[in-house]
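Written below as structure tokens is the structure these notes are about.
Lettered A, B, C, D, E and F in written order, each chain numbered from 1.
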Amino acid sequence: MNAPMSPLACPRPTTSDQTITLAHGEGGKMMRNLIRDRIVSKLGETNVQRFSDAACVGTIKGNVAISTDSYVVSPLFFPGGDIGTLAVHGTINDLAMAGASPLFLTLSLILEEGLPFEVFDRVIDSIAETANTCGVPIVAGDTKVVTKGAADGMFLNTTGVGVHHDDQRMSAKQIQPGDTLVVSGPIARHGIAVLAARESLEFMPPPASDSAALHRVAADLQSALGNDLRTMRDATRGGVAAVLHEWAEESTLAMWVDEAQLPLLPETRGVCELLGLDPMFVANEGTFVAAIASHRTEDAISVMKTHSSCGDPAPIGYARRREISPVLVSRGMGGDQPLDEPIAAMLPRIC
Amino acid sequence: MCLGVPGRVVRWINRESNFAKAEVEFSGVRREIHMACVTDANLGDYVIVHAGIAICLVDEVEAEQTLAELKSLGENSDETP
Amino acid sequence: MKHLDEYRDAAASQSLITDIRARATRPWVLMDVCGGQTHNLVRYGIERELADCVELIHGPGCPVCVTATELIDFAVALALRPNTIVASFGDMLRVPGSSQSLMQARERGGRIQIVYSPLDALALARQHPNAEIVFLAVGFETTAPATALAVIQATKLSLNNFSIVPAHVRVLPAMETIMRMPDNRVEGFLAAGHVCCITGFEAYQPFASRFRVPIVITGFEPIDLLRGILKTVELLETGQAIVKNQYSRTVQRQGNLAAQSIIDQVYEVDDRDWRGFGTISGGGYRLRAEYSLMNARQKFADVLPPKGRGDVDCRGADVMSGKIKPKQCPAFATTCTPQSPLGAPMVSSEGACAAYYRFEPLPIKVPS
Amino acid sequence: MNAPMSPLACPRPTTSDQTITLAHGEGGKMMRNLIRDRIVSKLGETNVQRFSDAACVGTIKGNVAISTDSYVVSPLFFPGGDIGTLAVHGTINDLAMAGASPLFLTLSLILEEGLPFEVFDRVIDSIAETANTCGVPIVAGDTKVVTKGAADGMFLNTTGVGVHHDDQRMSAKQIQPGDTLVVSGPIARHGIAVLAARESLEFMPPPASDSAALHRVAADLQSALGNDLRTMRDATRGGVAAVLHEWAEESTLAMWVDEAQLPLLPETRGVCELLGLDPMFVANEGTFVAAIASHRTEDAISVMKTHSSCGDPAPIGYARRREISPVLVSRGMGGDQPLDEPIAAMLPRIC
Amino acid sequence: MKHLDEYRDAAASQSLITDIRARATRPWVLMDVCGGQTHNLVRYGIERELADCVELIHGPGCPVCVTATELIDFAVALALRPNTIVASFGDMLRVPGSSQSLMQARERGGRIQIVYSPLDALALARQHPNAEIVFLAVGFETTAPATALAVIQATKLSLNNFSIVPAHVRVLPAMETIMRMPDNRVEGFLAAGHVCCITGFEAYQPFASRFRVPIVITGFEPIDLLRGILKTVELLETGQAIVKNQYSRTVQRQGNLAAQSIIDQVYEVDDRDWRGFGTISGGGYRLRAEYSLMNARQKFADVLPPKGRGDVDCRGADVMSGKIKPKQCPAFATTCTPQSPLGAPMVSSEGACAAYYRFEPLPIKVPS
Amino acid sequence: MCLGVPGRVVRWINRESNFAKAEVEFSGVRREIHMACVTDANLGDYVIVHAGIAICLVDEVEAEQTLAELKSLGENSDETP
């Protein structure tokens, strides 16, 4: 082996064995070693055929679905998950919610100079373990390093390819007046977990994210319910409120929700009250909403209950003809209230 | 303004006047809260917390009286629909 | 949650609404002066539900919204100052200054850290010993003990890199300003419950007598609000211009003496510019001279902006005093919208102009 | 239409019509409007079926290839290209170099709060125009906004899916001793253009990048040369030196280059001399190296000459049995010199 | 490129190599003292080509590598200082200080800006009026006019936020130090051509006589280097300890008087610690007292680190003076590698230890 | 150290001693170069540029003489292989 040399720089680089350096993104030996020793070895040789370029994945039968997402969560680690679990679960979930079985993922890393290897390794380990548990291999990748201060530690992108189940096409346009809206578990866990960790709010016990993969429960719901499953959506940014607003817009119906029916962990509620946040607007990462022909509501809930990714699924309302407001919420005081569409960053308020 | 939330005092951390602090529970989640304005709170007492400090004790007697009024109100309204 | 859920009971609410409707012989004009109360009056639909029997005016109850543009401009200048971090409640970030909000200053590189508590800003000052941490100390009397305590603790801990922009407002002088307006329509007040936790309500008695207006200390949950409204209507119907405490589980006549003493140690009463209202005599607190080292106005006098011009074209004071309906302001829904507000009542999600903008039924595209 | 409202924040957000704000990444109305009005309208409705989630792209015949890359160039614009042209060309090129025809791309945006819309729009316009010129649609996307200071203006990720031509599999393992190494055009243009723009080196005329799509020339080379085209590689990070080192490692042969044969624009050379940089180590973004059975060298060059993406292609050396050094360069002074493997960031030197 | 390409001609190089081989009756020990020359001796394979007839020693010719750890430590401390940006040539970023390099400091949040020219650092000071810009002024006499000019311009422009860390070294005192070493092996010098552009070579004459060593002013291109070597060999073979200028197209006997006057205006000769060599009398420049406001050592005296201990275990001075071969250093290729250098000669890609590490033929995996 | 590159002076920008500047061309690319050390350069002259400033003029007569020497060297070596 030749010593790695650079004719471009005098003096030569000193290899940091503690942190990511710009040299790890420069296309040379340090990058190749990083990829070989700290990524491919974790993700599995067979998965990542050519981490730095294009991968051949053979033939795909059926209608192909594709989804891409970047992950920029801060902090990188929080109770219940980390940026790695999000990156694997999030893209799998987007495919699953669109009615597709995920086949494989790509993984692209943007690393900030100075990122400790200890952090890097923890994230890669988490990605490897999560992808493995989900049964979805990572087949291609990319690594970039940016100058200190040009990124916040680490950003990830995963892009997922899947195939659609049969010819069934779910869509919010399939929602009929009277269809039940079912949520798969306690809401607002992810957003509260991240907020508490980021702002050092020091709650005890620290609130935990709901980060989870939904491809298995989605597939089971599709087989069990067929076209009685109108559509599904993971309630990520903007929370349940964002899902309901999108469905109202696409279906031209109104979505009505009984606030009392929303599953909510007591500790999530405590934090929301203290910070003045409405849980319907708080992000989830493994909790979804499904619109279901009303006579199949119990069937849907039964299927959900067989999956550990769903905890305490519950019907929360139904679709109905639109009058004025696209989304309505009953808070038990008589008249229904229009529910705002999420617009802005969630900030703790004292007012 | 003035978002105030009732929480239960579960543990005193520091009773030294200006630096007084206690662990307060809100629906299963606890946080350290500054207690300089309610240094006389007992464990189990409820306090109203605003912007990280307890601004008053909840008076359980008054609370029960209010709830009793509400109950009779419900009964009244049942009587006169 | 104990002391919370009990006051969200649907059946009891219905009874109270029925009672209010039964007692009100005419549409009394009541004003709340606390944004938290406005929030829940809107959120639980109480305002709409009672629209036929009680007219609710949302007074200048959001200290965030009544903070003078000049103070926002100062905070913006501080955020953009090298090596300086402005710590603030999340609420303040979107309030427009005369040229930009703190949020916009951050987009331009200003350093702003959201905190849950002023005491958390102290932790920040410890974490960044080489930076200046400036807390934007807004809020009513409710919040004043927290910021005063931060000043006291910082002093005891000799944290030389901590200071505050004193911006607290006092609610009673604002109520007085409203009552003195020539076209005042307010017939009863829902007094801000958490302010009264601190201040008590001794001072409200002479106010009620002088202005011949009933005042009811009111909590925040739907039932608290409805009980407050019911009591005010009863007082109005019986012609009693007195003070009643409907939030007795937290509010005592004399208030919280420990909290008052903490405020008193750090602050003294001062005149204050209220956004949309102009200078209100005794309308705020200033830092006592002993704490001038922690006064950002003195410490960073070099970046103090010129006095703001106020919100040109905004008839916010008229709206908040119930003189005009938002729709009567020429700017409403034209040059002034929630996305681009001209004045305070359009800024806050509880502001009267924003509330009207929101509930104005606009045509919805529903295919035939 | 209801007014967008947030129950989470008092006061409500003010929509900036000048810059990207955090609210544009929060999953609500502002994000949807941004995507609809400033992305999908530019990229074409039919291309981006569901920018925020998964897209259905129908069936794909043949062996599927996939490649992902993140783009973090600073500055965002430079003579000869911008981050948008790189993001489209780069991923197309990775597929093309792997012997696949690109079918479609996904596009994921990480935006820094405060990014002027004027900058955003210029990049999206550039992406739209570049994708259109390349004939490769963008079918799915994602938008994230991070706090001011947490990213450097804008990062992009594109992931591309393609199909392999026939059964031909190019690989550095196919390289035989005696095979010619051909470079498709003047080297080192991209790295010099970006360095000059970033460090405000104020050269006149400003050096321009070689950013270009290579899928058409790659396809033509494959049809014309068949297995006589051993492998191709775009000489991105680490430049031509990195490609030769990778090939040497994979083929276990030595790569020999005659420095005098390297195509180099005079102005690129001038900058390299002034800054003490070796052009073989400087990045390219539309210039590639091909290893070709020696008797087909002229054919390969003829094909390259029909494509505007190639300017002045030239044979620069050949593969040969390895003795000691994996890559050798002749600088006309007699003995060959071992060529270092790139390791570190390219820094201007005065020594 | 005119005045460059002519001196890379292959045929002429071959002739010169033939001539050198023909003239050298024994393996003369020649030392170059300029990193740029070392770079090209390695890059063009001249060193290996001539290994049988001339032994080339690469002296302390890279001012980057001989910069004392203490100065790197100071630059690191400045980079980490709030509101301070260290401007530097790219070369300096990877030089290890006693605990970290500037590159590592940047990974830890230090602010460092690479510039092509010290004059570009002035532009930086104008762009960041609220930050302190400190230029790390390393280099031989060649670079001193550029940094002196920056100091002069900054003074005339009253740029109060600009200063330099004066770290220039002077080459002749180092050559003297080497000649005075007890086991010195150097028989002839290739003098640094661009240093001589500035200084001229009057001062080299008495040096050559005193130490009985020929000195040939040499350029940087392969042919320049070969001509320099040939001339030195000729002088050695004919026993002439004199100075010859083989770089006459750029170097004049008296040097560049304008440049000397600029240096003189700003700097005065001073003793200087050379990494691996210790203090060399007259081995550097210090800023004149008139410019003390621009002297970062005075302006930021609060972050001046303690004097560095030097590189423990590094026998760099022995290597650079040709006393030992790198392989004779116990640390070579064990605790000292290019990835993790203990001393200067392993840091620079032109350093003698790095060069030996690189050309040491190591087994290559080639399948049978 | 001391990377120095020959460039051709193509335009004077400022001849004021300490602030003297000219446009200098290097193989088709031009840059502003500080000229305080070579204020007497004429257009078309070559200067050696190091770290943004010209450190000396290239002496064309000496350069031609060196090249002539090299040429004769080549001839010599042809004669004596």
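Just a few scattered comments:
Going forward, contacts are C-beta pairs under 8 Å (C-beta built on N, C-alpha and C of every residue); 3 or more make two chains touch, one makes a residue touch a chain.
Model, not experiment: these values are computed from the prediction.
Graph distance from chain E to chain F, where chains that touch are one step apart, equals 1.
Across the assembly, the chain pair joined by the most C-beta contact pairs is A-D. Look at the CA centroids: the one farthest from the centroid of chain B belongs to F. Centroids built from CA atoms put chain F at 83 Å from chain B. Chain geometry summary: the mean Cα position of chain B and that of chain E are 73 Å apart.
The mean-CA centres of chain D and chain E are about 37 angstrom from one another, to the nearest whole unit. If you average the Cα atoms of chain B and of chain C, the two centres end up 22 Å apart.
Those residues of chain C in touch with two or more other chains are numbered 1, 4, 9, 14, 35-36, 39, 43, 62-64, 89-91, 94, 116, 120, 139, 143, 348, 350, 358, 364. Looking at chain B, one finds that residues 1-3, 5, 26-27, 50-51 touch two or more other chains. Within chain A, the positions touching two or more other chains are listed as 2, 4-7, 9-10, 12-13, 22, 147, 149, 201, 269-270, 273, 276, 326, 338, 340, 344, 347, 349-351.
Taken pair by pair, the chains that touch are A-B, A-C, A-D, A-E, B-C, C-D, C-E, D-E, D-F, E-F. Considering their complex, residues 35, 39, 43, 62, 64-65, 90-91, 93-96, 101, 103-104, 106-109, 337-341, 347-351, 354, 357-358, 362, 364 of chain E touch chain A.
Residues 1, 4, 8-10, 13-14, 17, 35-36, 39, 43-46, 48-49, 62-64, 89-91, 93-94, 114-116, 120, 123, 139, 143, 222, 348, 350, 358-359, 361, 364-367 of chain C are the ones that touch chain A when the two sit in their complex.
Within the complex formed with chain C, the chain A residues making contact are 199-201, 252, 269-270, 273, 275, 322, 324, 326, 331-338, 340, 344, 347-351. Of all residues in chain F, only 1-6, 8, 18-19, 26-27, 34, 36-39, 46, 48, 50-53, 55-60, 62-63, 65-67, 70, 73-74, 76-77 touch chain E in the complex they form.
Chain E meets chain F in the complex at residues 1-4, 6, 9, 11-12, 14-16, 18-19, 34-36, 61-64, 89, 91, 116-120, 139-140, 142-143, 145-146, 149, 152-153, 156, 192-195, 197-198, 220, 223, 227, 248-252, 256, 258-259, 262.
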